[in-house]
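These are the structures, in structure tokens.
You will see subunit A twice below: alongside subunit B first, and alongside subunit C after that.
Now for the complex of A and B:
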């Protein structure tokens, strides 16, 4: 490109920044998780106490429960969101596809804090949902299971992260060429076999990327169980926060490490199964 | 992939479903904004429209100060993140190790806010300690206060958070740009900067402006990382979180949520409208310039 030394190095600024302030803190999180706890901080050493503390307490059980809630959020998001991505790719004129997908940017760009907070007046005892159901005579008493409960957490996660399944699914559908549908139509494939045998396998890298995003964020964003889960509702992010409030920094780092390892493992499995680099092909 | 032979009622039903999902995602926020204009707050049987809650929020010096800090952070985040995202996108185009590079740039998307915030908090506290030790060892006071929790650390947290979004938007816009144009400009004697600024930038301007809007809104709305890394000042969303957890949902909380929603809708809505109008204009221009269809 004919650039001199300084110009060339300018392009490395983002890499240096991300290595210093993203990769290094993540690696050091793993290192700090083996440090010894002091009264207000921690000191260098090698101990598995934080991990022992995590795995032998209710925290491990809560972590597993938050994995189940997150998996439920992924499944619901897929069921609601992926058909939209397929519909936009298959039935909307090419020139209008991006405009339709842009419709989902707006709810996604409103503060997650506000979106989660806004669920309380909607799902509460005197909220919109209960008032509506009572008014039309479907129920006599307000439903209490939809707020301050595990179901409330799943609803909050779906409302927070659903657009990501639609964006990832839309990108993934780029891999399903038009002629595939024509061949399926010619062979008389039904909608179920077309969806299960053709669309899902071909769009798998994008579906997986969207699912991992939703799964990991449902596990790690403490706001949702804090505002919608009620007493006792926790996820990995909230457990880490509680450890920091209790000044148990090695424990917070151990929980973060377990979360990061869960993420890395998921991405590794996904990459081996589906080659996640295919998701980037449309923008390469 | 448009199918002209599909049942029109099935198509209409699918459109209805799509719009219902958009509405379902937006309706809780719209309801919150609706309540924020009720003099009697949430749960009241009567609705009297008022701006009073907004007046209270905007008349509160602490809240206005938090709003100012939020704006400083947003402006700084835009000023740093956008050039970095541009550099990243250009680096990606020429990089031979695309997968490793893009993995590094996009990984923050997959690390939840609380986990990233906790990691950075402990990292910065250690870094600040290391600089203090270095200053004491060298006998100079210059390193005192480096990376203490404050504006700088909050800003770094926000850049790590917002950069992947800006990077993706700019990269998508750049994917339509042909590198041969830069080579042609360079062959005609333009410097690297001139080739970028006069040839490439006008073609990716929409993506850059959209990224600016996204980064502004993401920064404005961010609460978790900033809450952990901000040190002694408060941002608007941090005050809202504190109010919700400590006081509960008051009329003021609804008004604050209303302000955040209205700002997001106005900024992103404007960008969407501009993008749609521009794409309409471009497609009309393309149709006008296309070869006329000849009948056989």
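Now for the complex of A and C:
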């Protein structure tokens, strides 16, 4: 094989990788979702039973709850994370900006299981937060709504996935040129209008990208509701997981297909609103 | 294996076997020299004793063991053994009795065993030969397919220090004074079975068989739990060993339906802050066992002698006393108390009294009339799943 031949095959490696490890599993997931369930596995066929089961059982309701919790995690992450990204971009010396942002990677060096589990002694009935608030006299009884509750799940999701918003926001802010801020200053724009009318619209594609990462992880990572959620708390990933445990593979595939469709719909809406091709454009 | 390795191994097994033979009743003709290591797919946390690795088990059995860790998930076992390459990879597997042996045997993933090749089979608990549900957990179509290794009657752990009394009924979980301080296991199998037992035996709901409930019965049990969930009675449904330990040891809940090892570890972890105990519920408990099975592939590869050697260890008081002393699981053979007395020096001081106390309480739980055996695959499993999802959504 000549040099050109090798180069040609090297070019196709990403395509082969994409087909084998991305496209094919998705296609198989969708196909399997229409298969017939057998006692221990599934067999080829075409039935909508798994989808019917999903929409007529409480799983659809659980799925919607999962979307609402995930959306709440996105909003809180934006409120906390994006100002951090703006602050680093605007106030930290240029040479130190990337190092500061890299600090937010550090939590990812620790197992997610450990990170989420570590929230328990912080948020628990006899945890750090409650003990502190009782010690300083703000409360008399422990606050129980911050753990084993929907709020506990949102807190866990934010703590787990906040860096996605900071990274994406920071990268988006790199696309906002300094002269924009100078012009705003010259025109006397206050910090609120600067943030709401100028920064957010310009960084919107990046914010959306970060939001998608957080939303998808909050929907799919089962650890958070398992460890921090209330009685029977689930997210979409956990619903699919429980179907697998019960050997209902077509149902698990149907739930996964619905998750894929949700993501595609989300990306479509995002693209229509923010033109997501801008996220991938080189920074000028 | 070269000659020098064979010689070294043979020496080690001979030396180890000398001690083991006295207590186990070694199987004639079975030794490591008959083949390579027995490839066992097992839960390392609960299916071995004596050392952090499998060396003590191998030494006692006089074989070499190559163990691969597995979880207790039914789907994992089924996928590997029925659909996947489990029979190529493993000679023996461990799993839940009361359903898994039927599933594996019906799919020809495992083979019947010859109990005459297990000398310690003569010591097996009588319930396994009395034709009841316990006997059924190791059989398929009348043939024995597995060797039981541990069992238990799952109950409720509670903080005696906080409660000030010893609950003897699941009903205490539904006392409004403990609102928000109660936890259940996040698994529809054991939770619905235990709640089915409670509701049946207390006369609240008419249930024929809590191990295998009909759709209407599943619905009634779940609606009862949904009602209490909406009232805020439950703090959480725990999932995973450490999670179960954490909620009890931290004082997050005062009572929780759980496995006995969770109570033992939680009590140790809580120290003086709590006194976590394991109750006997008058209505009954879900009883279960774990067992070891010989795979079809294992038999075809001629690993049956090694399997029988290991099965013999699982039915020895050497194993039974140690699993009881460690995680509090019930031994599957008679003679553990005598073994403990005779070998007290092998255990930390006070072990005999502590372990015999656990055994006495365990036997009291096993004796409750309303007990129901675990059923891994109930007939109406889809109803269990669907109603569990409704409970989660409530």
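The rule is simple: the second predicted complex is superposed on the first by the 274 of 284 C-alpha atoms of A that agree within 3 Å, B and C clash if a C-alpha of one lies under 4 Å from a C-alpha of the other, contacts with A are read in each partner's own complex, and residues count from 1 in each chain.
Just so we're on the same page, a residue touches a chain if its C-beta (ideal position, glycine included) is under 8 Å from a C-beta of that chain, and two chains touch if they have at least 3 such contacts.
All figures in this text were calculated on a predicted structure; none of them were measured in a lab.
Of the two partner chains placed by the overlay, only subunit C lies in contact with A:144; subunit B stays clear of it.
Within the superposed three-chain model, A:40 lies in touch with subunit C and out of touch with subunit B [touch as defined at top]. Touch counts on subunit A: comparing subunit C and subunit B, the chain ahead is B. Contacts of A:99 after superposition: subunit B is touched, whereas subunit C is not reached. Of the two partner chains, subunit C is the only one that A:231 touches; subunit B does not reach it.
By the touch criterion stated above, A:247 is placed in contact with subunit C alone, subunit B being left untouched.
In the superposed model, A:214 lies in contact with neither subunit B nor subunit C. Looking at the shared chain after the overlay, A:61 reaches subunit C, while subunit B stays out of its contact range. Of the two partner chains placed by the overlay, only subunit C lies in contact with A:53; subunit B stays clear of it.
Residue contacts after overlaying the shared chain place A:128 against subunit B, while subunit C stays out of touching range. Residues 41, 117, 120-121, 126, 226-227, 244 of subunit A touch subunit B in one complex and subunit C in the other. Remark: subunit B residues 1-3, 6, 11, 14, 17-18, 21-22, 24-29, 31-32, 35, 42-43, 84-85, 87-88, 90-91, 94, 98-99, 101-102, 104-105, 107-115, 118-123, 125-126, 156, 159-160, 163, 168, 171-172, 175, 186, 192, 214, 217-218, 220-221, 223-224, 228, 237, 240-241, 244-245, 249, 253, 257, 260-261, 264-265, 268-269, 272, 275-276, 279, 283 touch subunit A in the complex. Within the complex formed with subunit C, the residues of subunit A that make contact are 39-41, 53, 57-59, 61-62, 65, 117, 120-121, 124-127, 144, 147-148, 226-227, 229-234, 239, 242-248. If you check the complex, the residues on subunit C that touch subunit A are 73-75, 78-79, 82-83, 103, 107, 180, 183-184, 186, 229, 234-237, 239-240, 242-243, 246, 250-252, 377, 381-382, 384-386, 388-394. Subunit A meets subunit B in the complex at residues 1-3, 7, 10-15, 17-19, 21-26, 28-29, 32, 41, 80-81, 83-84, 87-95, 98-100, 102-107, 109-115, 117-122, 126, 128, 159, 162-163, 178, 181, 212-213, 216-217, 219-223, 226-227, 236-238, 240-241, 244, 249, 252-253, 256, 259-260, 263, 267, 277, 280, 282-284.
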